[in-house]
Amino acid sequence: MQFLQAYLRNPAAAFGLVLLAAVLALAATAGLLFPDNPLGLAGRPLQWPFSNPRFWLGTDHTGRDIAAQIFHGARVSLVIGFVATVIAILIGVLIGALAGYYGGVIDDLLMRVTEAFQILPNFLLLLVLVAVFGSNMETIVVAIGVVSWPPAARLTRAEFLTLRNREFVQAGRTLGLGDARLIFGEILPNALPPVIVYASVIMAVAILLESALAFLNLSDPNVPSWGNLIGGGRAVLRDQWYVSAIPGFAILLTVLAVSLVGQGLNDALNPKLKNR
Amino acid sequence: MKLTRRELLLSSGALATSALFPPLAWAHAAAGQPRKGGVLNVHVASEQRILNPSLRASTGVYIVTSKIIESLVDLDDAGRVVPQLATAWESSKDGKTITFKLREGVKWHDGKPFTSADVQYNALELWKKHLNFSTALQLNLQAVDTPDAHTAVFRYSRPIPLDLLLRALADLGYVVPRHVFEGTNVLENPANNAPIGTGPYRFVQYERGQYIIVERNPDYWRKGEPHLDRIVWRFITDKTAATAALESGQVQLSAYSQLALSDIDRLGKNPDFVVTPKGSEANQFNNTLEFNFRRKEIADVRVRRALAHAINVPFFIENFLYGQGRPATGLIPSVSKSFYPADSKVPYAYDKARAEALLDEAGYKRNARGERFALKLVPINNGEDVPLFATFIQQSLAQIGIKVEITNFDYAASLAAVYKTHDFDIATGWHQYRGDPAVSTTVWLRSGSPAGAPWTNQYGWQSDKVDKLIDDAASEVDPAKRRALYAELVREVNEQFPIWFATERDFYSVVSKKVQNSHNVARWPSSSWHDTWLSA
Amino acid sequence: MNPVLSIRNLSVALPPGADRPYALRDVSLDLGANEILCVVGESGSGKSMTAGAVMGLLPERVRATQGRIELTTGAAGDSRNLLELGQHELRRIRGARIGMIFQEPMTALNPLRTIADQVGEPFRIHTALTSREISKRVLALLDDVHIPDPAAAARAYPHELSGGQRQRAMIAMALALEPAVLIADEPTTALDVTTQAQILRLIRELQERRGTAVLFITHDFGVVAEIADRVAVMQHGVLVEQGAAADVLNAPRHPYTRALIAAVPALTPPPERPVAGEAVLTLDKVSKTYRSGGLFKRHKRVTHAVREASLTLPKGGTLGIVGESGSGKSTLARCIVRLLDPDAGSIRFGELDLATLSHRAVRAHSRHVQMVFQDPYGSLNPRRRVGDLVAQGPVAHGVPRREALARARQLFELVGLDPEAVRRYPHEFSGGQRQRIGLARALALEPSVLVADEPVSALDVSVQAQVLDLLASLRERLGLSLLFITHDLRVAAQICDRIAVMKNGSVVEYGSAAQVFGAPTHPYTRSLLDAVPGRHWTPPTTGADDALAAA
Amino acid sequence: MRFLTLAGRRLAAALPALLIILAGLFLLLQLAPGDTVDALVAQIGGADATVIEELRRHYALDRSASSRLLDYLWRLVHLDLGESAIYGKPVIDVIVERIPPTLLLMGSALALAFGFGMVLGIVAALRVNRWPDTLISTLGLVFYATPSFWFGLMGIFVFAVYLGWLPAGGYGTIASGLAGWAHIADIAWHLTLPVVTLALIFLAIYLRIMRASMLEVSTLDFVRTARAKGLPESRVVTRHVLRNALLPMVTLIGLQTGTMLGGSVVVECVFALPGLGRLAYESVMQRDLNTLLGVVFISALLVIAINFIVDLLYARLDPRINATH
């Protein structure tokens, strides 16, 4: 409760939350407001927004209703962002936790792998993964997760390195708690807040990565993602700029929302800067 | 000279008549006096691995190399074969021996003379062994005799129609210097990336990923030509960026529909540019729908026809392609005057009710959710319109209860999926027609092609009748009979329907109005541009 | 007395939502030239806030709401109210007229700049001296504060100096422009006892030499006894008593002062307790060595944290291990509970050698030897209910959860906490209460040996006394044997039966408390004892307990 | 000499990671549908079976994956990156041609992002929670959330097509014959838009970090000490806060190098720059293993080198670092 108050005292964070709620509302009402397949042919392609009362955001280059795609796309973008983030965080936390907790050879080994992933430009790895495993949504989401975990691992490891020597962990050890219980029961809950805050960064980047893939025509065409709409709209960028601008704006707002919420969480969790 | 003009006329038919006229007579007709000098900047979307048209047959190679390296023959504005390095030709009665007279006084860019030995080497070592499409064309080539330095006699084990060979040689008859290639590993010869030829322009510089520069060849055999100082090709991958380069004056020409459809449409209204399909008539393409007969629903011809009936091609062309195209009537496009069957019509025109009826009849009724079955569609992304057509297919088939899942791969992977592992139910891409069905098209239908060869018959379908028609037409020397055989082939393929040629499409060029003498021959982007000039 | 600094009716308001409305309430103080005024109080008493108000460096959203702070600015005795000055004028006073030193010499110095640079900075902003002149002055200053090799220290970065040297540099910096007033905010709290003694001596020496008025803020009555001319005692933002040092220390009038002074442990041990001769824990030549740097790195460093320590913990007795930071006392404690693995030696506990047990076996036997930690904030997992924390150990050893939780409530009662509090989270408790929870957690496993690592060092003096009393009574009631690690000789004197003095990893002196405090044999022990602040002052013990209860 | 030993040791430490990357990518690409011959045949519009078979032999694709991997690694030991399938010349030559544009692009983008990020971050921190801070922070978030390709394409239209101030793409005017300063100015003119496009997201990140770092450092004790010495606020910031606040920024440079290289793939595609990013993209699409692994190898070395330099820089900024090494 106190936390929520601290959070809401920050107007930017509160705005982010409202924005995020709006995006969630889009996703939730998509099926209600646009029951038809958003990828179906709705009308003549490239109708301008507000020119046809049936399509208040116009139609795209393949005659789909842009509004429907924005609403349904909110689902897709959130799912991409969320699932990819969960994957990245899971991998990152696991690797970071083991490396930070055990140290020594295990740490060396895991950090080498992490280093390998960090040295390799992540977008390049994403391209390779998509080229190898194809462009369906599952692959893309997993691939984005797989290229995004190293910072989470480093962050978790750093937290573990400081926390594992904290007295409450040592106390747990003197009480005879096992490693698993110390890692997941004692240290992890305390290491998570900065990682959760960082998750907002991963989520924002995940949404942007998907749109970059769509730009290179490597995203899944069977889902109404905003990235696909931008990627497609790119061909008509000069005249019908709205086709890519509308989803571009949607991405911007979503990433903005996620970032603001992340920053708000960070400020609320970091008492030193609470009053700033 | 052994051949008389009369014999030549008889032997090579109407197509060769233009050889009698001065080839340049019409070239200067339109514009004023050519201006010397200037640099022509040309947009190219993707880079080729090697710049050798006698190893790689591809418009991407021709658009650059045809200015440096010349082929034996070229096409005129009406698509008729005209002399280039070959000045005259003759076929023997049995169609097994073709004699070429070669142009005299032509020099390679390195100063050595061009002779029949060069042609002999190219034909036997490159065209027959390495050059894609040509290996099939020259399959029966046994020998090339060189009775003198300017005569080359091609000897075939089976008759080869002269008009087929000549039409093909415009693309598949580029000659590179024998003295540079002989005795080397031809695939790794440095001249593949720094080409040497006889053409109007000499190679200067190739910056990978950036540009290629050529400059005027002062020793060119057409005296007084070429007019331009230089030609620069710029590699611009992104279509939108390429349009911007055109509009900001960084490049003056983009050929072969390498810009976005919407930009082509829009630039058509721009007074500074000409947007035209003219000059690219020799290359046409279709949006195709390929069927995989390994899938039981697809193997039923009623289903295949139903799919075609369900797709409103005129709507697609009008609304998705900015009207750039026509519904196709079969594998030979209507611009191919020599082969297009007279009474052609669209085989399975848009008729949703008919589509539904056919599917019901085939036993694939809608289930409770209104669905009949699902198909996996692999788009082969040759161009921007392929994903559009894939989407349109998805949208259209959804309306007759067929759920289409589009499987998006990158280019190499989609080809492998369709033609190597047959991991598709339906596929869509481009078919390119190059003037003669035997050059470009029959390979799509002839059985016997091993898995892994793209754009061949990998549908799990085979027809003895079609195979026979293809083989007969390939060695039929009588043009009229050939034309009849191909008409029969079109009818038969439309009947059996292993592949649907849905649209027929022109390649568009966007060119600045400053560029003169452009698009004045049927394959202008792939021609030598010897007479092209820039107005001030 | 002619005050240099005079605080009149100063009130400082805290921002809304703080635990109390005022940080300071109606505080009046006079600081005369050439005197040391100690402002003493527990945490939260407002003593640091007073310093902040004088310097004009209050935290954000904290403002002085009433009163005056008069600083004599000229020889003629005219003074200015600092609260009325603008930032610009204040800046000309800070550093020039008032110098300040802080508690943490490490963090109070910019880690990225040399000592010379930082010590010379006041000259650069407040005077027009040339840089050559400044560096000369800096060297002189460093020499004044008795830094060995001033030239080298001037070139050094803060991390290259020891804590004591850093604090000397801080003092040099604060006194650079010979300010009339020096404010010292707990300047020796973070230092070891011998260093503390040196710094206190230095402050006294410089103050006397220059006639500076020193406002000395501390929580430690020993330090007060050591250095103060006059004392002001603060509680909850209110000044409760002030007077000459001798009066306040030996005859405190205010009950709070009395309680505080009563809680200060005396340096002389109480009469010896009878302790069984039987040993519960025997350490024999325990060694622990740290190696830093990896296999391939050239700069291997070897630190002998503990060298061949041999000690005996008598059953039911308390063995104190004292020493300064880095002496190895904490390492030794951690070896015993096997948070660290000793490299050599044996730790006999009955039949077991704790030093060589496998990690799995350690876990099983952990119940016999338990530990209490120093940091009341860091030793409790903030994300668990305190009841769970106490039940955790038994649960890990197979006791059903419900039973363990019931036991936790009993333990809460035992350590003097409300059993209903088991459902709350650590942050809802005060420092002393948390230390009790830590104790309950250790006791939950019914250990026979309790290792307490500086268990009262982070606590205010009154709370410290309570926790020490609790420990002593538990020792009696549960028959515990206690291994007590501390740097505070006063505390050690009060609770330990036997005492081991450690230095650089070795035990240099080992004997009964009376022996060690009465007749130390090792020179190091003597120097430690000599350094204890206020060693010549014995706190009066009249009516202390009642007063404490009242406070 | 000491520098070289340090560099050598750093390289040795990175070898396992390099090996993991190269072998991992090699094996991963074996799973990819289609090989470089498929890609080539696709590019040239088809070929019959004999030609395809011959090409496969030409690219040594008829041998087993494991033998090719061993071969590759063995050649790598001799610092031989092999032949590029797309370009028909040694990979190292191809890469050497492509490095300058990428380095220039990344270096300028980094400098821009770092410089502006720092300045804006400082301004925001000094005016925390007032309108300049709100404006800068919001702007930062908007930059952060804008897909870079979208910004790049829009930039081309505004600045190249409508205003005509900047070129639409390319790396310098072709065959301009420019030399010296004129040449440099020409390249700078061409790189302006790409650099801004690439820098944007990083600028947003640096801005955020700088602001947070400034705020964090201003709460530290030594800042209070500085104020107690009577330092004016400007001097407190410049002499005490700034350098300490820069430390996390410097760390970030090293961490962001890989990401930046990834970002340059898209930017190089949009602006037709002949850099490593586009080369990598093309070699993935063309299944050109040698080139891809070569690019990855070189860019990994680049990342390692930049991290090394960053560490040296860090050690210069922070005297504590030297002491612990």
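When the chains are written out, they are named A, B, C and D in that same order, and each has its own residue count from 1.
Just so it is clear, contacts are C-beta pairs under 8 Å (C-beta built on N, C-alpha and C of every residue); 3 or more make two chains touch, one makes a residue touch a chain.
Here the structure is a predicted model, which is why all the values come from computation and not from measurement.
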Maximum centroid distance from chain D, chain identifier (CA atoms): C
Between the pairs B-D and A-B, the one where more C-beta pairs touch: B-D
Separation of mean Cα positions, chain D and chain B [Å, integer]: 40
Interchain centroid distance [CA atoms averaged], chain A/chain B, Å: 45
Interchain centroid distance [CA atoms averaged], chain B/chain C, Å: 87
Interchain centroid distance [CA atoms averaged], chain C/chain D, Å: 49
Residues of chain A whose C-beta touches two or more other chains: 131, 134, 234, 237-238
For chain C, residues contacting two or more additional chains: none
Where chain D touches two or more other chains, by residue: 32-33, 153, 157, 269, 284-285
Sites on chain C touched by chain A in the complex: 15, 60-61, 334, 337, 339, 362-364, 366-367, 369-371, 373-375, 378-383, 392-393, 396-397, 438, 441-442, 445
Contact footprint of chain B on chain D as seen in their complex: 32-36, 38-52, 54-55, 58, 85-89, 94, 97-98, 153, 156-157, 160-161, 164, 167-171, 174-175, 269-275, 278-279, 282, 284-287
Interface residues, chain B side, partner chain A - complex: 239-240, 243, 260-263, 266, 319-320, 379, 381, 384, 387-388, 390-392, 394-396, 398, 405-410, 413
Residues on chain D engaged by chain C in the complex (per definition of touch): 9, 220-222, 224-233, 235, 239-240, 243-244, 317-320, 323, 325
Chain C partner contacts - residues on chain A that touch it in the complex: 166-168, 170-178, 181, 186, 189-190, 275
